[in-house]
Every structure is written in C-alpha cells, then in structure tokens.
Amino acid sequence: MVIVMRPGTNEAEINEVSKVLESLGLGVHISKGTERTIIGVIGDKRLLNDVPLELMTGVEKLVAIAEPYKLAGKTFKPESSVIDVGGVKIGGKEIVIMAGPCAVESRQQIIEAAHAVKKSGAQILRGGAYKPRTSPYAFQGLEEEGLKYLKEAKDETGLLIITEVTSERAVESAAEFVDIFQIGARNVQNFQLLKEVGRSKKPVLFKRGSSTTIDEWLNAAEYIMSEGNYNVILCERGIRTFETATRNTLDISAVPVLKSLSHLPVFVDPSHAAGKANYISSLSKAAIAAGADGLIIEVHPNPKCALSDAAQQLTPSVFDDLCKDISKIAEILGREFKYGG
Amino acid sequence: MVIVMRPGTNEAEINEVSKVLESLGLGVHISKGTERTIIGVIGDKRLLNDVPLELMTGVEKLVAIAEPYKLAGKTFKPESSVIDVGGVKIGGKEIVIMAGPCAVESRQQIIEAAHAVKKSGAQILRGGAYKPRTSPYAFQGLEEEGLKYLKEAKDETGLLIITEVTSERAVESAAEFVDIFQIGARNVQNFQLLKEVGRSKKPVLFKRGSSTTIDEWLNAAEYIMSEGNYNVILCERGIRTFETATRNTLDISAVPVLKSLSHLPVFVDPSHAAGKANYISSLSKAAIAAGADGLIIEVHPNPKCALSDAAQQLTPSVFDDLCKDISKIAEILGREFKYGG
Amino acid sequence: MVIVMRPGTNEAEINEVSKVLESLGLGVHISKGTERTIIGVIGDKRLLNDVPLELMTGVEKLVAIAEPYKLAGKTFKPESSVIDVGGVKIGGKEIVIMAGPCAVESRQQIIEAAHAVKKSGAQILRGGAYKPRTSPYAFQGLEEEGLKYLKEAKDETGLLIITEVTSERAVESAAEFVDIFQIGARNVQNFQLLKEVGRSKKPVLFKRGSSTTIDEWLNAAEYIMSEGNYNVILCERGIRTFETATRNTLDISAVPVLKSLSHLPVFVDPSHAAGKANYISSLSKAAIAAGADGLIIEVHPNPKCALSDAAQQLTPSVFDDLCKDISKIAEILGREFKYGG
Amino acid sequence: MVIVMRPGTNEAEINEVSKVLESLGLGVHISKGTERTIIGVIGDKRLLNDVPLELMTGVEKLVAIAEPYKLAGKTFKPESSVIDVGGVKIGGKEIVIMAGPCAVESRQQIIEAAHAVKKSGAQILRGGAYKPRTSPYAFQGLEEEGLKYLKEAKDETGLLIITEVTSERAVESAAEFVDIFQIGARNVQNFQLLKEVGRSKKPVLFKRGSSTTIDEWLNAAEYIMSEGNYNVILCERGIRTFETATRNTLDISAVPVLKSLSHLPVFVDPSHAAGKANYISSLSKAAIAAGADGLIIEVHPNPKCALSDAAQQLTPSVFDDLCKDISKIAEILGREFKYGG
C-alpha cells in the first residue's frame, strides 16, 4: 500500500503516520516528490484493516498495490486448480458442461431433461429447487421435493447434480442431495451463506453478482475459502450496465482476467447473461473461445411450458447443435469436450 | 401488459396467444398496426407469472404497463405512510435523523456517541453489531455483545435503536434489543432474510442495493410486506456507476421518484454514498432539500480511532453544524427538525 | 407506439389524445384495462416526433413498440449487407481483419507494420493520423503527414487503408488518402461529423460510444445513412461499466443482438475494449466465435516504443498466432479467413 | 506516479526502468516491499506521456498519484474563479439561474419565455438554435434564425444569452450573437470543438458527458483552457447508469467533489438529468443545497406545444415557485438569489 500525503504536508505529519505503521510492525519507505510525499508500506497490509489511516492529518488517499484476497490469488497458488467432483475434473483439459432446466418442475421434467443433456455430452445436471425471484408473487421452486427429484435423475442417468442454495438453513439438508452447491448472483455478498458453504467442503459454483467487481468477487470467494473449502468454481453470468438489449451484459473479458489473477476454474453462464434463447449459442461459443473451463446452460425439454425464465432456456435440439460446435472449438484450443458423452 | 407480435405474424398465431390469455380469465384486446399487431392484456397480470408468452410463435416481446409490486405502490395506498416507532413518527412532518458510529466498538464508544448525537437532535441511534465487510479479514463486529451495548445506550439516553441484521438466524435474537431492523445493500435480494424480517413485524429500514433499480427495490420490499409487515422505510444509499470519485453515486432523484411511486417513507444515507466525510454535509442538505423524510448518518466520537469505515464518519461537531442547517432547510420546506433535540 | 393513460383518466381526456393523433393522419386503437386505458397508435410514428403527447392531461407514459431507426434495421432490409471495398467484401463469408498501430508515428513504422500484418492475412491497414486523447498534453498524431505515410504503405503492400477522422473539416482531405473512414467512440453522437461522412459515400467503420445503447447507436448510424451513405460497418469496442479490470467492458452480446436487429456488418475492436495486450487474443477469438464479421486490432512492430496506447498493441508475432487460430475457428463456423493472406 | 513491479522482478529490470526515468530528467525512488518493489517517479509526469512504461519487463502497473489536469485544478489556482459575463458574476456569492426553452421555436416563443424567466429572477436566457437529437428525423433547431431571435430577446429584456454550439464551423458566427457558449454532453470529448471555443475566449458552460468521469471531464476542460480560455463553467447534467426511472442519474456528489478538486464554477442542469418536469424542483433545490453556483433549467411558456423535450420543461408558474424557494435556501447557505430579479 502507498499512502499519498497532501501537497504541503509537514515533517511532523509524515512522522506521525510512520510511527503508526512502525508500531504495527510494518516497514516504512518515504519518497518525496516535487508536489507530494508518498509513504510506501512494507509488510502484511491486513494489519492495517482496522486502522483509519485516511483520517490522519496530511493523508490524501491510500492506494492499494497488492490485492487484498490471498487464497484465491495466483500469488498464493500459481498453477491452475483442478476440482475433482465424482470423477469429473473441473478446471482441467476437459470442458465441463452443466445443463438442465432453470427450475425443477416435476419428476418427469427433470428426468427427461437429464437424459436429453446427457445425450449431448453434459456431465452435470442443473435444476433449481429454491428459486429467488424478483417478485414474491412468482413461482419460488419445489424446495425439498425438487432436491429429491434431482437425486432421482442422478440415480437414473449417472449425471452429477448442481443446485442453488439461498438460505444458511438449507445448506445442511441440500448437502445430502447435491454434488455441487450453486451460489447465485444475488447472494454474492451474503457472507453468512458463504461461510456456511465454506464449512461444508462441497464444491461451490460461485456466481458473480450483477454489480460485483472482479476484485470484490475474489474477496467474497475468500469468505468460502477461509473456512477451509478451496473447491470454488467462479462463474461469470453478466453484469448490470446501461444496455437493455440483453438481460445483463456478459463480461467476456472476465475470463482472461480471472485466468491471470486466480488459480480457480472459470465458468460462464450465457443463459442469465443473455436472457434470450437466441443469443445463447453465440455467447457459449465465445466463452469457450475466450478460455472458459466450462458452461452452465439452461435447457428445458419443452421451454414453452417452463415455469420460470422460459425465454432463456434452450431446446434439447439447439443444445445438441451447440455441443457439437463446442467440441470442435475445444479441439482447436488444445482442450477436449466429448460430444455425445 | 402489451404483447407485441413480430411483423408478418398470421391470424392463427394471434389466436393462439389470445386463447392462452382467455383460458386464464384475462381479457384480450387486439390492435393491428401498419407493421405489427399488438395484444393488450386486461386483468390481473400476476396470473401470467408462470406462462412463457415470450416463447409463443409470433411473439416479439412483452411490454409491462403496470408495475408488478402492489403493496408498496401508490395505487394500493395513495396517501403517505407514517410509521410510529416508540413515539417517533417516520414519514410525517418531522424530519428524523438516525446517527451513530458505523460499528459498535465498545460500551463506552456507543454511549458517548449516543449522547453526542442526541444533543444535536437525532432521534434514533445507529450502530452496527454485525458488519458485512468486503474482505473476511476485516473487523466483523461485536455481534451479540454489540446489541447489548446498544440497549444500554438506549436505556441511558432514551434514543431508539437501529441495527443491521445480516442472517436469518440472528433476526429473532436481535428483535429483543432493537427498535428498527436495518437491511443492508448487500442483502437487498436476500429473500429469505426479507421474509424473516417480514414475519417479525418490527419496522425495517430497507436499503437499496448498489445495483438495484427502483422497480426491483420496490419488488423486494414486497417480500417484506407480503409477510404482513408494512413498516418499511426505504433508504437510498448510492448506486454503483462508473464514477470512482465517490464510493457510490448517490441517486438523489430516487427521492422524488419514490415519492411519486410509493407511499413508504424515504430516507437517505449520505455516508455510504459518499464514502468520504467531507462530502456528507453537502449530500445531507441536498437530500432534505429534495424531499427526504430523514437521514441515517455515521457519527463517531473519535473517527480517527474507528474500526471500520473511518473515512466516512463525521465528528460530533460537524454533525452538530449539519443539524443546525437541516432544521433551517426543513422549515423552508414546510417540515420540522428540532435542532438540539 | 402505445400511450398509457393514468388510472382514473376520463373519456374526455382519452378523446383529446385521439383527436391529436387523428389530426396527424394516425390510426387510433383504444383498449380499456381493469386499471388503465391504453391507446395504440397506428401509422408512421415519425409524425409524432414533435408532438409532446407525454404532457397531455391523463397521459402517464409512452411506450415505443417499433424501433425509431429505419435504414439500419432489418425491417428495411432483411438480408445482410456486404460492402465491397476495393475487392475486399465486408460482411460476406470471409472474415476481414483490419490491423496496424494505434497511431502512425513515422513512414518506416507504418510500412513495417503493414508488411507484418499483411503477412498474417490482414486485408486492411489501420493507423491513426488524428488521435483524440483524454489529455491535451498527450501525443495528438501526425495529422496530414500521417495520411501520406498510410498512402505510401498502401502503395507498397496493396493493403486497403482505414483511419479515424475527428473533424468535419478533415473529412474532405482525408477522403483522398483512405479507403474507409473510422468514426471513433467519442464522436458517436457528433452528428455534424456523421452527416459529413454520410455525404462522402466512403465506407465508414462506426464505433459504438462507451455509453451508447445499441438502440442509440443504430439511430446514430441513421445520421450517416440518411445522407445516402449505406456503407456503414458497426464496430463494438467495449462499453463503460463499473468494472475497472479492463479499460472497457467488451459487450460481446452486441454481436448477436446487432445481427438480429440490423443488416449491417458487425466488427469488434478487442484492443480498446481490453486495454491490455494479454487479453486481446482471448477476446478476438471470442468475437469471431460469437459471429462477428471481422476485427480491428492494434499491432505495432515494436510496442515498447509506441507513442500512444502502448499497453494494448500486439507484437506481430502474437498477432500471427492469433490469425492462425482465427482461420481455424472461422472454418468451424462455416466462414473463411486466409491465414498468411 | 508510482510504478508497481511484478513479484519476483530482478535488479536488472528495476534498473532498466530507473534508467528510462532518469534519462527524461525525472527523479526515482525505489521501495522494496515483502512481495513487490515499487518505484516512485519524481518530477513532471507529463514527460512520461509518450513512454510506454507499462510494457517494460517486470512492470505490473502504473498508479497515478497526482491528477493529469493542471489549469482546471486547485493546485494551479486554490481560490474559486468568478467569471464576469456582462456584469453577472458566475461563481461568486450570487446564485445564477439560466432558464428558457429547450429549443428556440419562434420569435414570439423566445421573447415570451425571456420575459417570463426574467420576472422570476433568472439572469441568463437559454434556448437551443442547433439541437443535437438522437434521431435524424426529429426537429433539429432553427439554426441561424434561432440565434437572431435570441439576440432580439436579449435586446428586449436585457438578459444575457447562452446557446449550444455543436459544430466547429458554427462557433465563429454564433460568437456574434451569444454571451456564453454551451457545449453539450455529446460533445464533451469532441476535442476539435473544445479547442475552437477555447480560441474564442467567450465563457463556456461545459456539460459533463453522460459517461464521463469527473477526472476525464476536468481533462477535457483542459482542452478549452490550454487554448487560453479560462472562462469555463462546469455543468453536471446526469450520468448514464442502469436506472431508467429518470433519463439520467443526477450525480449530485459531483458538486462537492468538483468544489474540492477545481476552482471553476459548478452548475447543475436538473432538466436533462430528470427528463421529467415533476422531478425538477426537487433536484434544483438539492443542487443549491449541495453547494452549486447556479442552475440551467428548461422553462417553456407553453410546454404542451414544445417541439423538443416537452416532458422536461417547466411552466413559468412552477419555475416562479422554485425561484422563491431557491432564494430562501440560498440565504441559509450564506449565498444570495434575488427572487423577482
């Protein structure tokens, strides 16, 4: 961290700041410019978390040099993390696709969806049992019943299961049914929930919030990881901008940015980014071409009858074409996706 | 709601859509333009929540005409709501100021702060016991101990108490100690938590999320209200934009916009919007001039020693000057604030 | 357009609005809902451009149904436009790459760059002669001298030339030297300049502004097209969001969105979006995978010596690798790019 | 400026960077941290404008410490600037209000408007002769004819005149008619136009662009000032965000931020920020309470007949009430506005 002093600061003020830093065991490096003096801080900046340096006389601003997150960063672990979930390796050479309906609506619907996505090569089945919806008057999910249907679909197809948890209280019971927890965009800074899934040790697909910077997102991942759960998969799903032609703006650059800052696997959710089925194939191919480790895509056996987010769910046939293309693009990039499973 | 059909849609497609609407008991009004046909939907649109009209053949888009929230809206209740909390009337003629430190740090600090803000006219004491922080390595609050100190400060000064709750599990125990719950920006769409405070019936100061539209915010308020708790105070606290000169961008227009859409009281939190103490007086006066019903402001007896958000807490003396100005501006606007209590 | 009336509007108010519409030769379609009446307007809405309907008594809001742009839209011309520039077909089967340094710095630099990018397959040479820079104290370009060097590079390599024009006054003289005009993001709503290039009939690569919606952008394109110049190439280059990890946020979804709304060719500029060389290859591949017709990329023979935007220019060798990958991805998508020219 | 080196950089790389800095006459200050070395640069950073430091081996990033603008900043001129335009002092104790219709529509309309706004205390008449409109099919202004009508209104009422210029070519002819040039949001980085008004020496009301940071805006002001024209009035008019309840989001914090960074007068345009007449009084009062030096407000003798932006123009009677309130708020803040002129 660098402390920038105001123009015209005097020696006494600079000494005062230095003393505080030294009292915490931090090193101090003073550099006098033509207009301003800056003070470099040497050592673990977490010691400064509770010290209001910006209020000391003469201090103009603090400039962070290193990132505040540790466990999620490349400095901590330079090589890419590969997360093994029941034999499926996430973050390795293989592209992993999680697919299925937005919400679990019935036993038949989820089992039908499971067969359909498996046929095209998806390794993991998604389906929401607890649906956070903008309006309380919209369908909120089948809850525990939905979890059971997911489990049945798993037993029948051998696919792994991912589902969203939205409540601290639901983590324990959901853990019995699912292989991967999903934390949704609205809960990206629900720190109680993050700590809860951190304690569970199950892999977590951790979606970016719609207005979360990459830096804040990695800090939030730290809440999960600092509880001892390092199995975190980052998932870009679009950010909120002024553009309204799509539901969110897919921040495709997040893929290479995360790859340069963190060792964690990076996924993309084109469905929530686009909000419209006819843009999803384009965005999926773009995500893989940009270097993503996998995708989570909404596929519904019969989108016209879907109970939530109908507009953004693919038909099994469109999904199948997409998987074909992805397997070819993966190959060009030195990766692999087994179309047809 | 209006359903816009694609150019070139045929009669059969239009009939198909009409049939679906009529089967739900909704009225249908077809209007053929030069390029497009549009279908007006008449009746309660909540019947359509789970019907994927946008996927029907020929449908281009849906255009909402009325707002989806009900209880929070002016159509439901045209006159302004006044919430009585232990005799303090929020949303009435009187301007209400909630003030106190960002976090409760010790018994002495919070009691000292309580005396200071009361002296200038604040009616309610704020202080965080559970602190959601971007990094897990920063100070997270005194938790239950903090609640007890708040209660002591209340007993000693007679001020009412507001504090943030961040976990469903903490709602019940916090309810014993505090007069008003605060829901913070990060939890604006933590629907489990909203329902929990909805069930408690205590007044809730409900902050806008940093990327929540006013429409989404009012829908989220609906989660609290639809559980039977109508005592919701909306609190604008800045939204996330590209500008970095301030921590957030205070959306001052939200004040008149909310006043035109909703009957709920509207507060402003200038401290989190600005993120810097020297902008807070300006923004506070602006908020009152714009028509806000009150403010929630961070005041610390000794900001230099604050354990969190030090840069944005006012000294009691600056706060006192601000209260003086506010009482004068209130008068011009036909309202009232008793400077000096 | 649909006119939404306030709840409780009376017959007389509705008639008043109808009369205004009919007096302009527009058709009227009234639809009474349970809460509100809406009025559908039938006919050419441009007749309403100067009529303040939103101020008439009883009118709550106007809702646009059709887009205001005409010439740029698919309704006007459903099939994709292919623009032939000296034999290079933009918007057809072939992927077109425009490459070269951010700024023309010297005769030698631009000729060297031209040879380098041609070798990898680029069909068009880019290079700025007039550089709009955030600060007036930064390098502003070689101006006319730069145009001459570009022309020399063209004569020597056979590459076509694109350069940015920033001033109405420079359009005429630049037209002698260049094959394609570039309009930069800062000038996306500099309507005088747009009309000027509209009158010149030369192809125009028209960049999106950093805060321009797709709808506004297509309307701005209309300024060029309504002067008779239909040779417009749209170029997405990143929008401004709260995220600061990249210079701008590349709106990759703009590619499929534009393809669904407009017949004009769509390019992507990954260099200005990313602002950092090491993200450009990822974004370039993503753009082609998403369906873009081409790219404009900054390549500098020696980025370390570049006089502007050094951090975002590729070396010829990285560019060459990228072109190789693009030719393979193009093939998978049923398109073509001749790596190695 | 501080240069942050990557973790693991070696001595040779650090020396290389130091040598480049020293060769330019800049001082160097090296500070070795536990993870990274940082290099402080001492002296005029403008010497570095064309040096691509971020590409040198080992360099991770550059961190700006001081602002790049000079003439607009407080370091250059600590005391507030007061601009005298024909006796009206802008930026002094007196609040200045510029008011009038969005567009000049006829001789009668502008003269009527002039009398109306003068009666309430406005010192300056606004009215657009050249109207930049999103769509080329909308009313574009009366151009030169409009300027003449403005001049007549000035002769008849004694009000000063402000109008927008949108083209370099129009600056010279407009200079004969108007007292203050307005540069609109769309042209905030039309640097040719800024230089042109910079050369004219007439006062310039310089609006912020809808996605311009305060830092970029002050840099753009530098384009005007570096041509010798120091008579720049900054005008906040709303920025583009995700919120659509208002046309733009008025960044009220820009008022205290600009007051702390710059000596230039600060105005607010509530009309373009809100886009709706019924929010304008709230925002105007807020702006003055926040410390603005003045307002520019759209007032139309008969808004229902306005040819552009009808929805956001006040009636003379609403404007009159607003001026009354402003004179009272001004007084509380130790300023002055003569209601009734």
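Order as written gives the chain letters A, B, C and D; numbering starts at 1 within each chain.
The definition used in the following text is that a contact is a pair of C-beta atoms (placed from the backbone, for glycine too) under 8 Å apart; a residue touches a chain by one contact, two chains touch by 3 or more.
Since this is a predicted model, take the numbers as computed values, not measurements.
Between A-B and B-C, more C-beta contact pairs are found at A-B. When the contact pairs of A-C are matched by residue number against C-D, A-D or B-D, over half are shared only with B-D.
Spacing of subunit B relative to subunit D, judged by their CA centroids, is 31 angstrom.
Chain centres here are Cα averages; for subunit A and subunit B they lie 27 Å apart.
Measuring from the averaged C-alpha position of subunit B to that of subunit C gives a distance of 39 Å. Residue positions 211, 240-242, 244 of subunit A are each in touch with at least two other chains. If the chains shown are joined wherever they touch, the resulting network links each chain directly to all the rest. Within the complex formed with subunit B, the residues of subunit D that make contact are 211, 213-215, 239, 241-246, 249-257, 260, 273-274, 278-279, 282-283, 285-291, 325, 328-329, 332-333. Looking at the complex, you find that subunit B touches subunit A at residues 46, 49-50, 52, 54-56, 68-69, 132-139, 166-169, 186-187, 189-192, 209-211, 216, 219-220, 222-223, 226, 240, 277, 303-308, 310-311. In the complex of the two chains, the subunit C residues touching subunit B come out as 2, 4, 7, 27, 29, 31-36, 38, 40-44, 63, 65-66, 75, 240-242, 244.
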